[in-house]
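Labels run A, B and C following the written order; every chain starts at residue 1.
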Amino acid sequence: MHRFLDLADFSRDQVADLIDLARRLQEHPEPHALAGKILGLLFMNPSLRTLSSFQAGMMRLGGTSFVVTPGQGTWNVETRDGTVMNGGAAEHVREAIPVLASYCDALGLRAFAEGKDLAADLAETPFNLMANLCPKPFVNLESAVNHPCQALADWKTMDDLHVPRAGKFVLSWVYHPRALPLAVPAAALHMAAQRGMEVVVLRPDGYALPEPIMAKARAAATASGGTVSETTDRATALAGAHVLYAKEWGSPACYGNAEAEAALRQPLVDWRVQESWFAGARPDCHFMHCLPVRRNVAVADAVLDGPRSQVIREAANRMVVQMAVLYRLLKG
Amino acid sequence: MHRFLDLADFSRDQVADLIDLARRLQEHPEPHALAGKILGLLFMNPSLRTLSSFQAGMMRLGGTSFVVTPGQGTWNVETRDGTVMNGGAAEHVREAIPVLASYCDALGLRAFAEGKDLAADLAETPFNLMANLCPKPFVNLESAVNHPCQALADWKTMDDLHVPRAGKFVLSWVYHPRALPLAVPAAALHMAAQRGMEVVVLRPDGYALPEPIMAKARAAATASGGTVSETTDRATALAGAHVLYAKEWGSPACYGNAEAEAALRQPLVDWRVQESWFAGARPDCHFMHCLPVRRNVAVADAVLDGPRSQVIREAANRMVVQMAVLYRLLKG
Amino acid sequence: MHRFLDLADFSRDQVADLIDLARRLQEHPEPHALAGKILGLLFMNPSLRTLSSFQAGMMRLGGTSFVVTPGQGTWNVETRDGTVMNGGAAEHVREAIPVLASYCDALGLRAFAEGKDLAADLAETPFNLMANLCPKPFVNLESAVNHPCQALADWKTMDDLHVPRAGKFVLSWVYHPRALPLAVPAAALHMAAQRGMEVVVLRPDGYALPEPIMAKARAAATASGGTVSETTDRATALAGAHVLYAKEWGSPACYGNAEAEAALRQPLVDWRVQESWFAGARPDCHFMHCLPVRRNVAVADAVLDGPRSQVIREAANRMVVQMAVLYRLLKG
């Protein structure tokens, strides 16, 4: 494995193998496996879990890492090709990526969506440019429309909880004060479809996920024997659900138009997960969220603090699965 | 030892044991003692000594660490329970603390006083909430009204200097352009009382330390054979002193009222430590300060650069005593 | 070696020895050479290469490091002596440097020019004060008018490329939206002179380097058999050149006067390196730049992406030569 960019680049069996390796490293630690190996971590955007779990994961395998954060002690960087750089960015990724790659054995990059042009963000143009500039093993720490480390952790979390491969997985839009990127909903949707689940996307009008994201998930479902559907009806969606996976995202219909988006979103403030949402779900229906989550805005305290919530387990699994990814990238 | 929250949680003998361990690790380094152990460091507020000395201390014991700084590359976090999180904080400590704890073997937290409500700060409510959310060994890197690592380093510094257990310790208020927290004065006062010293708090009118802080120190003095008194008279306070420990702090009487505090503080600009302060002290009276210190505002250059000053020794002892704390927390 | 402050402190043979050691460590890694050693890194200014390459270099030798960044999670620091510290800085370097030094085995410091008073910046007063406050091995990570790590990497880069010792080295001013420090042009000029090259400084009127910088380079050239000259004529400068080393810098004539500097600089926007600049140079003339570089402002895309460009190699050599410096400082 030379790159970990998208769970869709791997077969279901390959994903299962990664999760098996993650579990093996949990049960039989290998504290010297990556001795002498260095991971570079380049964060264009904030992080808590990714920042700390990648560092800790390297340490647990005997390796080390360094962190570079443009705009926070490091120059701002330009990602667009052909620009006349007379603005705020002092350095171009055409230099920054190969230079950082020369110091480390693998490079991880976080670069969120710009949120201006949907087609551009779906194309992952700057992220792919940066990935292609790196001659070393490369990890996606969250790109415009993907977050494969989160998806892999979520997959393992459901395995840990014995959620059936063909169980019902509801990805529900929830309210947030402003439009957030499509990376996690796209990654979670695809992951559940690839796992072979009965996937339902529950979202208000105006928040249907872009067709390329839905089509990719449907293709994954077809390959694995799962299904993908969408609805605006909460009761239908949650009937018999094994998992409710909540996520905030911006309206693809108003992409890049903050004013129109705010107007569309404003009446949806009641899309906040409450215990009542689970009335028709399976009694042991799990609640999942990638974090960070705004309490009592996106999800009620009672759900996050109740027995359904698996959010801490998901986050803990981030380090666990990433150790498997790093092991494969750096040791094979 | 599972937590290092407050020197008051330990007997004088237990503190002496920690200092003995610190000295043993200085003289007989154990560069592999904490191999494979990871310390997470969560800083809600700025730091120089704590940030670097905890990282270096882990390294000197063969362990590693990672740093998370909300607002500097990481989401801002909410510490209050029950909040509707529609403001600037994207994540709640109810998630952040257990998640970070899942990646590391011990967690350190710095969270200064809010400085709005004295009773709330004295209660250490957010800090205790966060400490209780952490299932792993936990270290106080400075809370609203405590700084046990500083206190332990100061205790060892006085031992190193052969300051008698029953020596005279003067904690003096000094001027600063704005109100600073009560953490260090409270911790230094209690430490000296617990050590069994003759403790005098020297401060202008309006700057008496809150009664719960004084009462706690008096109780420690009673247990150890020391005394605690307070005065506004510099000559009385410093007569025969072994140590002058200077610290800036805000008026408890005007707590949370910046305007009234500024008016109270403005005429006190001459509360700046000068060599003349030591006229009635013992000739070898030591000068101590936790740092950072504003030169020629709180303390004159001549004192900081003169032979009385132990400020560098105190700071150097931070790493030394923290290594003992980490050793006890992670190795027993 | 106890300090690495200026390439001028070393003879040409000593520099060659350092480069030999760097090459040896490249070919025969010593992953435990600095086991147990800690490097402190104090950054007063932004960094990408220095920040990551020093950390990675320590890791590759089995050592560790910590980073402190005043203003980014750490107090702002005062560097001037005798100040009444009632402004934005909470801590003085007279405390900060010895304290940090007490935690580590070697300290690196980056502190750019203030850009207000040319004589003061040329004197390196604050940097020398800080260096002298450090009792441990010390590395210059870029000071007001020096950047010895960059110079050493550039020297090795030319050796790697078999650029003759007596080859023609053109240091050319290039356009930048604002005045940048003199550190890299001064260091590159001296390095090429010390290497024994035929050095030409190409710059517009008003951008002649200060006489003390030119004099120092001329002395180095005399000692090594090289030459130093300057011109405003591009064709003359580049005729037969082996290397074009581009750098942005502020006008010494308008030092500290941003308005006058902007007026002087504004008509010079065409001082942007293009392929046409190389018309009279040797066909294999190399292009060098220390990075970061503003594409299509200081240097055209076609040059940076073309076969002449050695900018990534220079940056990669930063880690390589710094490992030799760290090895000498910490192991001898």
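Please note the rule applied: a residue touches a chain if its C-beta (ideal position, glycine included) is under 8 Å from a C-beta of that chain, and two chains touch if they have at least 3 such contacts.
In this text, all values refer to a predicted model and were calculated from it rather than measured experimentally.
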Legend entry - Residue-number overlap at the chain A/chain C interface, same or different (half cut): different
Legend entry - Rotation in the CA alignment of chain A with chain B, degrees, nearest 5: 120
Legend entry - Interchain centroid distance [CA atoms averaged], chain A/chain C, Å: 40
Inset, instruction - Mind pulling the residue numbers of chain B that touch at least two other chains? - result: 64, 72
Legend entry - Parts of chain C lying in touch with chain B, wherever the complex brings them together: 35-36, 38, 40, 64, 66, 68, 70, 72-75, 78, 82-86, 90-92, 94-96, 98-100, 102-104
Legend entry - In the complex, chain A residues that touch chain B: 31, 43, 46-49, 51-53, 55-57, 59-60, 64, 67, 69, 72, 177, 291-297, 301, 304-305, 311-312, 315-316, 319
